[in-house]
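Below: a set of structures, written as structure tokens.
Below, chain A partners chain B and then partners chain C, in two separate complexes.
Let's look at the complex of A and B:
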């Protein structure tokens, strides 16, 4: 199962996380972002509007994305964060690293500035 | 589970395409037209199974099979011969070379499919048994075989390991001054990979603690060192871990700790329980970050509960997850029990949808006895 990724601009890609990002599909998520990282994309918006499940393997795959692009000042934004995702983000204090936006549109505007 | 890959080696294009089409419904199939091409393909990707014709130009099936037998990396790939040479001589030659199966043309496709399925099932079974055994071995090494015995205190832990579970770890070290460092962590990921990283990481932590403790007993400073190590070590690349480091002084009755994104410990007194929210970023994500630490006084009758997310993420009968509040409330109920951990686990299971724990689980309970 692959992830729905949408090119917002030459610098920004939106990945729609869908219902679950966990140990079952974390490798697919990595393959999805890797393709864009290889093409030079350094800004990612993750849309969590439908996400019910984010386990530690799933979160780990997002960290891998961050590690891949942070040497080039890349950014990962969390958009429309659902309640289950918010719990994980709070516990691991990762809101210090991933900026959150109420919507994908708001994240796009912030990246475009 | 990842799809199995099958390499079909056949010079007759009709048979080759037919096999590719039928096997392709269940497996990832790639093809070669002779033994030489097959060896090139295998160098790129090692298949889970090979189905090969015998009579082929350039390099025949027997030569291919001999070449694979000569290399330890390819010797164990299951091999099925498919051939028109139904005579006994060819069959015996095939069997002498240790072939897994031998199917003569014209063959019945359903028979071939069922034999392929059976062979791959057998491999999966062996692999699963081996993984389970290695996983258990790693899990045992991620835990101490006993805990320190200190007057006036109780220190206990409980761990349960699932094959698909992750890398929960717990360890303790005594310092020269008779104080203790407790390390509790969870290396992100599932299965053998997480357990392997947890094991490597814990080995490093053990080694580092001994060296660093000569200079500092600050959990926050040590946490910073561990973070740098995770970010700069090649083997542990892309490893992330939540971590709790306690410096416990049973003489001064204090615990000083740093928390890197781990489940927050619960402090219990006869008056009730509080979740201690102090926490910093998870390990392995960002360079040059500073960690902070807080100190807690352990008055008589105070208990400190630490755990991994297998506890908070256990599903309740209502369909949600137990969560931090659920753990805290059950900890209060278990506080007075003679075997607090067991009482806590029983409490969790009594609210659970399932009658056992769904994930790896680690619980550490430190209590200063009432005077």
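Let's look at the complex of A and C:
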């Protein structure tokens, strides 16, 4: 399964996480973001609006993204976070690292400031 | 309240089905039921556990088999997962207090999540050579008090 990635600007890419990000497709997610990281993108918005499943391996792949871009002051934002994803975010306290926004548009506006 | 019992020989199928249990089970409240947050935690724990079996367990030459049993009342959810793997020592894999809590590791967070969500966690051999993973989630359990970091 591939992930839908939309280039919002030369600096920002929006990845639609879709129904699930788990141990079965975490490598596909990594391949998706790596392509954009290699092109110099350092701001990523993850759209969780349809996401029913985020497991520890999926979350680990997001940490990989964060580690890839954080040396260059890159940012990862969570947008439109669904309830199952919110449970994982709260349990792991990853809200300390990844800012959350009520919508993709709100995240885009924050990145544009 | 109706218990849930189902045996799977396809672990991918088991993972897909347990994630929908928060919508499909338990049936509408009769004598009270647990809240949505508890059910989401239950589904997350079952997903993490079966994913762990899927990725790491040794089934020798046998077809993997898991049997999931769930019961629920107003006080708690009781869960067990019986499997035919070789098993492992759960205690030796659980996170220790001296691990760096801010490391945000790429691997190994599944058992941390399981531990944070549950009470009375165990994984032990049965008399007939299988292994049983058991846990409860009380309705007043606050996983945020057990959060990982």
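Assume the second predicted complex is superposed on the first by the 113 of 113 C-alpha atoms of A that agree within 3 Å, B and C clash if a C-alpha of one lies under 4 Å from a C-alpha of the other, contacts with A are read in each partner's own complex, and residues count from 1 in each chain.
We adopt the following convention: a residue touches a chain if its C-beta (ideal position, glycine included) is under 8 Å from a C-beta of that chain, and two chains touch if they have at least 3 such contacts.
Every value quoted in this text rests on a predicted model; they were computed, and no experiment measured them.
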item: When chain B and chain C are modelled together on chain A, clash or fit; value: clash
item: Which superposed partner A:82 touches (first chain B, second chain C, both, neither); value: neither
item: Touching partner for A:52 - first (chain B), second (chain C), both, neither; value: second
item: Chain B versus chain C as contact partner of A:63, first or second or both or neither; value: both
item: Touched partner set for A:23, first chain B, second chain C, both or neither; value: both
item: Touching partner for A:93 - first (chain B), second (chain C), both, neither; value: both
item: Which partner reaches more residues of chain A (counting touched residues only), chain B or chain C; value: C
item: Chain C clash site on chain B (candidates 44-52, 260-268 or 296-304); value: 260-268
item: Chain B and chain C contact sites that coincide on chain A, given as residue numbers; value: 23, 55-57, 59-60, 63-64, 66, 87, 91-94, 96-97
item: Chain C-touching residues of chain A, taken from the complex the two chains share; value: 22-24, 52-53, 55-57, 59-61, 63-64, 66, 83-84, 87-88, 90-94, 96-97
item: Interface residues, chain A side, partner chain B - complex; value: 23, 55-57, 59-60, 63-64, 66-67, 70, 87, 91-94, 96-97
item: Of chain B, residues touching chain A in the complex; value: 164, 166, 186, 188-191, 194, 238, 240, 242, 261, 263-264, 279-282, 284-286, 309, 313, 323
item: Touching residues (chain side chain C, partner chain A) in the complex; value: 12, 15, 19, 22, 36-37, 40-41, 43-44, 47-48, 51, 54-55, 104-110, 112-113, 116-117, 143-144, 147-149
